[in-house]
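Across the two complexes that follow, subunit A remains constant while its partner is subunit B and subsequently subunit C.
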Partner chain A sequence: MLKKKGKDIVSSDEDVTRMYTSYRTSRSKKLLAIIILFVILIAASLYGLTVGSYPISFQEVYEILLKRLSDLWAAIGSVDERVVWNQRMPRLLTAIVAGAGLAVAGAAMQSMMKNPLADPYTTGISSGASFGAVIAIAFGIAIGTLETGTTILAFVFALVPAAVIILLSTFKKTSPSMMILAGLSVMYIFNAMTQYMMLVVDSETMEAAYQWTIGTLNKASWSTLPIMAGVTIVGVFAIMCMTKYLNAMNSGDNYAKTVGVNVGRIRIFILVLVSIIAAGIVSFTGIIGFVGLVAPHITRIFLGSDNKLLIPGSMLVGAIVMVACDIVAKSFTTVALPIGIVTSFIGGPVFLFLIIRQKKEIW
Partner chain B sequence: MYTLTDKMNLSKHAFILAAVLIAAVAAIGAVVIINGADDSDAASVKDYSATPILWIYGNCDGDHDIDTKDVEVINAVIAAGGSASAYSWCDANQDGVIDEDDVEFVESMIDGTALYLYYLNIDDKVCYFAVRDQVNIVSVNQCNLQTVNLIINKDKNNKVIGSDQQVKKYNNVFNINFADTPDKGALVTGTKNGEVQAEIISTLEDYYGHVEITLGSVSRYGQTLETDFAGDENVSIIRLPSWEGNALEGLMTYGYLFGGVQNNSCWKQALAYYDWYMGYYSVIEKEVAKIPESSRANILTMYVKDCYAGATDTVLNQGSGDYERSLLCGGNNIGNFFGTSAGEYQPVTAEDMAACEKQYRTGDRNRGIDFIFVEPSGVYGDGGKDYVINAVQLAIDEFQGYINDNTQIYSISFMVTTAAPVVVSYVFYAKTLFPNNAAFKDFDVNKAFNEYLQLCGWSNRADVSDIVSYGPGHTNSGGGGSSGDNNTVIYIAVAVVVIVAILGLAVFLLRKRGA
Partner chain C sequence: MTEIRLEKLCFSYDPAVPILKDIDLVIDKPELVCILGANGAGKSTLMHCINKLSIPTSGDVYLDGKNLKEFHLKDLAKIISFVPHQEETTFSMSVLDTVLMGRIPHSGNLMSSDDIRIAAENIKLLEMQDFAMHNFDELSAGQHQKVMIARSLTQEPKVMLLDEPTANLDVKYQMLVMRMLRDVAKIKGITVITICHDLNVTAMYADRVVMLYNKGIYADGTVAEVLTKENIELLYGIGCQVMEVQGRPHIALLDGDELDSHIGDNYQSLNGGSEVTDE
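Now for the complex of A and B:
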């Protein structure tokens, strides 16, 4: 017989059955929610394909889509087909991959650090990526092309903060506060170097560097998507394999240790995965903020904090947020707004609204 | 026999003939006098121009010089009782009234005795300028440097003593020689990105006695200069257009300030530039006026950032200067399709270009994008020529398949689209847009650029292919994919190496810590 504060919790087999049934019902509802989120993502994606500056009807878009899906390797004939398949489709898929990746990375960071304000950029990834990009732009570093050089340097420098934290872990315990503080230190260093570079370069270089930092999907293409998707999928899959560790760490380091989790190692490993995912996305799209922070919180409202549901749910919510923001960005003016601006502009108020409306504590 | 009657008849005829001759002479004289009187009254209030080429007060008729015609206009305005507010350029001494003092003032400018004058700067401020025997110029921004350098390069007395910190990359292109300076040898770079360092200017002032800083609008350059040097008569801050607005007006005004009153070589250089400029511009203006709007080619002017290759994605629309230049040369610039906010950097994608092509193809004029002019900016340093040539291929790779197969894509160096050499771009645009126009048959970009170099006093350059690059009309061959494939391989390689490295580092350190 289980007791809590003097009251019986379970008094009979019926209560056990009732609790089990209640758990299964709750679980089913959450799985249903995930399915609904998936359907919403599909619907948003199909609508997103029809939005753009090039005038083309819904019907034509879907005809082109079906035609391409039936024969992926056929030569592209018309401008309409080229716009839908070579411009909108990779842009849509990039938005889905970026949103999913950043959201999963954010959820993992929040669970690992037990900090609701953690996001993929907490450890200084964005500042490292910005610095790498500015270096490439300022010095015209070409690896194949200048654009490739910028992407690669952004990726490499985005991982430097993670490397610093890993190095520090040999001297200090890898606690969440250590990681956050180390990330902040690295962020300040990179920010200082970036600002210095901005001072010494000419105005055109500064403009180009600034535009890179805003975050855009304009550079999405079939040639860049596989790399970004590959890195993100591998990283997300790895994180999903570690959800039980995240659940344990979410309850506190002491609890996690009691259930056999090597907190230090797991934390480092997840940090590496998050860094690789975020770096792989940021180096292609620039800094897209807010998605990694808000998508996990929105997901928690509906699915709770169990990472087994939270991670896939965040993935879907993050993707939906990005696709929705891209639709807004393309609808706003003749030429699309940078998506980094839209995610921040829309996401903030939405998040506040959800927090205010939410009655129970989700964290 | 010759009789008295015959004598009387002869006298009569002679008298008549003399009368006729006298009348004829009188008539001719009257005609001459009347015409002469018209000439002396040619200048009138209606000759006043409120949009002058020379932004110097006293230039009442708005032409490129200050001469007796301006005096005549002032007299006409005085006679008509015109006010300084309505005829501002006639208020040469800026005392708020138009009177005989202004006549005397302009006459002193003409005879070279004026000690100072007034001009209007790019921020619409009336500025005082003390006429000097010699100027020491600090020139901010490369466009301004091109303008100033053309004026003074053949003058031994006037010199450029400092410029933008980026100036070294211009040296290769412009072969600019700077005066020796007190502390840094042949070159002083006293400014950076429009921030003019007061300390360095003060050092130059101490060494040279006076400094003339030439730059653009206060919104972009040296925001604190007027405050830093308020009341300092030995530092002149001259804000005139080189790329911001009409390069001709800026250059002529600079030329007059530095040498107009004294009629020295600087002013003669400016006048030579005027003749060169108008020699092409007047032909273009006349021919373009004949071309109906409906016949003009649809063009886009786009900007390539040298430091971010692949970014052939910024359209220059109204207010950018490039937009206006292309209209001047007879194109129908459709850049406003992408937004009408003035200036630059309207980022566009291939889909946006396709949308533009479709709209214009199905519109009233039934023609899509005829020309795309791509303008790379990073052309001053090593590899500048490659930027111009590569810019065309970048544009083709990016937009092929989304625009008309017959769209012609050209690249023109930023070096000739602003400031003093802008005439070269006029020649280029006119010849490209109207290759069969007889009036432009002698137009040649190489020739025009060499004429510019002659004006500057530099040696001819045999190879001007970095100025313009003629891109082929693209072919619908499936879009640029080869460079993307190479990039994919590079991305994969780097990603694998970096990820393996960082995972390896993590595993190694964790094992070491565990041990």
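Now for the complex of A and C:
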């Protein structure tokens, strides 16, 4: 007979008990891995705060940090304090939010589309955002300021591909391949329009537009962080609530339907969430490549493909990758490199390594 | 026990080419029902019309008197489970995690101890306990099939639909799975409907056989009633002999002239342009 003892279960059947125990042990190990990832993120973040062109010692950084945390609203006194609290801290938090958000969006896209190459940009989000930003810069569209106008237009245009896919889905059943192909079509259209805009504007505007398309954390500030973090937290939380649907969809649309998943509706809902998360991030940072693609694959190596663990794991790995890349970006030059360059430069070889070491031929 | 009733069911992708036409069928006993038919006869389509994967062009499906159109997918998933012909997983999980997906219609986002127990019991039932923590990718095609059947049982359905569940299994496991499906139907009171291509395995274990031919149901009854020489020869266009073994029909298929009409010119050319003969 089976009976429950608290959370544990005892069975007269040895095999069932053994499987149950193995499963619980495996889960515990994976949860421990998530805790370790969290510790690594904290450690990387604390180290990241000490890195920068302005020399501040470890001890000074942490003294400033402790002082600020004990009284968040106290006036900022020294230059050191301004650098740590007003520059490095929002930059660090922006890196964490961007990395976590893009990685979760990538993991959700890959499971939903059953495609290891899917990432937040597969649906044309980045090209939409670039076009929006270039339009704002080229025509000087200021909503309050030119910077706000650029951000808002980038956000709005980043959502256009998702809108096109949703519109298409009202006429035709949306398969994963169709969504990717529709995203690619929109991407080519936006790219063509962006390139045309770049040709007709003056060199100064062109340079400003080009700068925007390279992802950077240099503009991170306390004022932009709450919107970006708010959008990301809500989106990530909503995706976490749908992990069992993502697992089922990974087994094919037909199977997912037979366990009660309204595949068409869930796919559109996740697409909207992913688009909002990615748009919320890129509209502030510009295009940051590879994190959304690579972080979920790294996470699968030690946490497996169950989205219940993959999503939180990817969130932490994405954040760690971004913080690490930012440390690299700040370490080699006096002016920090745009992080988009670093993530792509490091992400490319890492992805190549993952392709080579894959066990199953999913590519 | 759930009664499945199909009334005047028709299905087609193109109105000019019907796949199923005026199907009337009632399945109201917890038994093992095998659907037989040649390739393209509409077996999978018929199954998909029962679990709402396909919507009939006309006609209706009723579950315990309630029209299938009135069921939400989640409610339907608590009644009908499905074993697809082939698993399409891209990012594979452990066997236990895969089987646990069968609990999705019953559970929240997190699996309870009972969910894990039910999954483990079904894994054991299919003799896969030694592979419970193995990755699904690492298994053979036959083992995949067994995992999918365990997952389907974990859904605790009243009706199980299986699309060729024995396709990748060796002879022993074909018999084991079919016997298990027959026993599950009887012991758990589940209606098990399966598509099967092996006539002898069907003859050995099926309680009822539904034979599809010419877009409709050609024969429906016990194995002795349906698996006759005439029916098989008509259905597949090949010669056969039917004898009785262990009180059930046993079919011996015969290589004969009937196959010649299905052999194309390209194959004929392999034999130097001559006709295929035994000489």
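Here, the second predicted complex is superposed on the first by the 341 of 363 C-alpha atoms of A that agree within 3 Å, B and C clash if a C-alpha of one lies under 4 Å from a C-alpha of the other, contacts with A are read in each partner's own complex, and residues count from 1 in each chain.
FYI, a residue touches a chain if its C-beta (ideal position, glycine included) is under 8 Å from a C-beta of that chain, and two chains touch if they have at least 3 such contacts.
Please read all numbers here as calculations on a predicted model, not as lab measurements.
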Contacts of A:P116 with subunit B and subunit C, given as first, second, both or neither: second
Of subunit C and subunit B, partner touching more subunit A residues: B
Which of subunit B and subunit C A:N86 touches, first, second, both or neither: first
Which superposed partner A:S53 touches (first subunit B, second subunit C, both, neither): first
Which of subunit B and subunit C A:R68 touches, first, second, both or neither: neither
Which superposed partner A:F155 touches (first subunit B, second subunit C, both, neither): first
Partner chain in contact with A:A138 - subunit B first, subunit C second, else both or neither: first
Touching residues on subunit A, where the partner in the complex is subunit B: 52-55, 75-76, 79, 82-83, 86-88, 137-138, 140, 142-148, 150-152, 155-156, 159, 162-163, 166-167, 169-170, 199-208, 211-212, 216, 218-219, 221-224, 226-227, 230-231, 264-265, 268-269, 272, 275-276, 280, 333-336
Sites on subunit A touched by subunit C in the complex: 2, 4, 7-9, 11, 13, 15-16, 18-20, 22-24, 26, 110-111, 114-116, 241, 243-244, 247-248, 250-252, 254-255, 257-262, 300, 304-306, 308, 359-360, 362
Residues of subunit C that touch subunit A when the two form their complex: 48, 51-53, 72-78, 80-82, 84, 87-94, 96-98, 101-102, 104-105, 107, 109-110, 113-114, 116-117, 120-121, 123-124, 129, 132-133, 135, 137, 155
Subunit B to subunit A touching residues, read off their complex: 166, 192-194, 305-311, 313, 337-339, 345-352, 354-355, 357-359, 377-378, 383, 401-402, 478-479, 481, 483-488, 490-492, 494-495, 498-499, 502-503, 505-506, 509-510, 512-514
